[in-house]
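Heads up: the structure comes next, in structure tokens.
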């Protein structure tokens, strides 16, 4: 009972290799998280535990898939950047997309109890994802800028919105009050009405999270005279930086390097 | 701080709509499950609980995504078939693939404790996936035949292999003994050496699992005279049938219907 | 001076094989023919010589590329249908498209003088093209219907328009008069004002042109007693039929056959 | 008789827009030119008239399609480079490919008599083509190097081969003699046996042809005192340069400019 007669059906599988020498970005996004975060009673506008869970998943992603050179997360979305020269699964789009979104989803539920020990998951949360190719480094930088600007816009709006709602406004009233307001207006509203200096809010809320490999010096053991023997190794690290300006990138020149 | 200046990066997202009037098959496959099933000490060659977990996930998939008309599972893989006319997410390939593989992975971990109450998950299992288009119903049928023939070939081999190993052969000896054997040889080996009639083994092992919607009659409530008021509704059902021959399909003509 | 160092640039060539078991349609369309036909003073609304030239090119296409099973032409466009099982150039889209559009363009200029012996070509006419896959025969039939309905709509409009212009109306007046008219109105206009019975106009104008292989009986030579020895062979044939209804197709069942 | 019912067949036309910010290369290649050049008795190894015809077609291509910034031709092939930011036909691959290959083929036949006034075309020559995207300028440069190295390798081989054949060797003997020879061996063979200094052969044979826009100063008219009024304009120019080293490119920095 050989199977060869039916193997022709494999010929319908399209070749989906991504073009060479393009940076690969995989963006994962929570599906129906508006409802999920309501059901699970997340803190609004930001739930520190939920963000820590997302970041922990991203760190595990980088450990599992060493071809990821940088990840940037905000709210229920995470972007993973693979180097332009990666040969991970021969750059097959479906393979990369499905592995990334599956492992991230698996991690999120697997780690849930570590971040929400007192809240059982009621329904399994899940994510969608997409793969995008960027032909030049400067466009990858623009991509990251796009996400961090979005983080800022959303977080500032949500901070105002939830302060208004918590202070007694209805959802509709809060939306009305914020319609058409600019950054400056929102900062003033927060300061005047709620005594909040937006710039002093935790960076994780305002800037999102960067995950990358950084050199760390570790004490491996002590030598015979009791002096520490140290070793430098690369460790996956989480930080909350401005990635729009050049500072972070000039301090970490090895993260996104373009071949010349 | 408008974001429009950077939104051009969205133009790099390729249009990945699948061609109209093609049947869509999404196949999900356990990643590194050889090691995962060893770590979690699954029964060999088949772990009933693990198969029940896979099937339970498939049932939930069909409840969540009503565009799935049929699913077929074997071992750590599952194929989901969407009708040729589905407009689910405008037939966007990445969206369908990522949602399916993410939700299936999430379900697998979420439901784990229901099927393995005494075995904690040590590491998060995950899956890869792919999307394939088939232009005609008869090729979808050939696809399913391909998977069920594969189920048969693998299960028969694995049954022999594990019986030999459990009876004291080394892995290498067992592989040597099975090299070049035909279906008939393997049936004889099982019967002569282990008294096993292969055809009597559970159908779930030999045939895999079909998941589909079937009409079921349910008692909704009793009327005033105590007679049951019944209603027919479609319910997601699991069975273990031959799907190579015409019998199952002629008994369930509505599952895979081609437009004419 | 080996070239291997630079051959990596070939890896950027995408795999563009068309999916198996789909009918392939290549449609070729005159580029800037509005101006070209004015420059070359084509008869309006239809130039018999120009249509004969198009048809002659299509016949040569079918001789050159035997995988074409049917072609349909109207005005300055031609559609070529390749069988669903064709393996022509491994079904590579760019190869098929470029060869078809190049050879058709080459033929058009090469044969020009045979159809327009007294009109030199002033500028080289050229064509664009596209490749489309259709998963089922009935959709290929709908494709052909779409083109023939279009032929009818355009030809009826153009016939009215040019009769009005030739009778002294300005372009604008002719357009105004025809705005919003239905098939019936146009037929009446032609009959009332110009004594033209639309249905009696040449079929090539009203129905376009079908090119296909038909059995023809030919006398090969005479035998010793002077009787003709005949042979049946397939010959590329041009006709002007209704291809919307079933008649033509049931009379020529072998042209578009679907595998079962 | 509205056509809308059948217009759904247009939905099968795939979106084939090429990704943004990639350089686009269209390479056109003579189809069956081995036979065509034999039938038309081209000079071997190089036919100056045939190359002039190819170059004349390339010049007309650049006049017709201003988005082409550079073209490189050798033998019966031509590569056309479109700027990374071109929006020509919204970067639709089929449109660009079909127009380019059609117009080039049309030009080739249209111009034939100007370059071969005494040789009628016996059959219409035609071309195939492909479109390739390159994400960075340096890879486009590698692409051009690949083609020019290929020109060198082929031309040197063909020069040796045809000198041997013309001197009385059979095709087989000539092939045997050249098997395994290096560049240096071939140069020596040409010099020793035929007194040919390879480096002194016409550059068009050794280097191929570059087509690009260059500034030229033209006298528009004379002013009142009889002095010429000059104007600088861009004119499509053909040259035979080394495009592997940096010299040509640093002398013409505007041809291939990358956005920063």
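Labels for the chains are A, B, C and D, by order of writing; each one numbers its residues from 1.
By definition in this document, a contact is a pair of C-beta atoms (placed from the backbone, for glycine too) under 8 Å apart; a residue touches a chain by one contact, two chains touch by 3 or more.
On a predicted model such as this, the values are computed, not experimentally measured, just so you know.
When the C-beta contacts at A-B and at B-C are tallied, the pair with the greater total is A-B.
In the contact between chain C and chain D, the residue numbers used by both copies make up over half of all numbers at that interface. Each chain gets one centre point, the mean of its Cα atoms, and the points for chain B and chain D are 54 Å apart.
Averaged C-alpha coordinates put the centre of chain A at 31 Å from the centre of chain B.
Chain B and chain C have Cα centroids separated by 47 Å. Annotation for chain A: residues touching 2 or more other chains are 8, 12, 14, 19-20, 133, 139. Residues 8, 11-12, 14-15, 17, 19-20 of chain C touch chain A in their complex. Residues of chain A that touch chain B in their complex: 1, 3, 6-9, 12-14, 28, 31, 93-95, 97-99, 101-110, 121, 123-134, 139, 142-143, 145-146, 149-150, 152-153, 183. Partner chain D is touched in their complex by these residues of chain A: 19-22, 133, 135-136, 138-139, 260.
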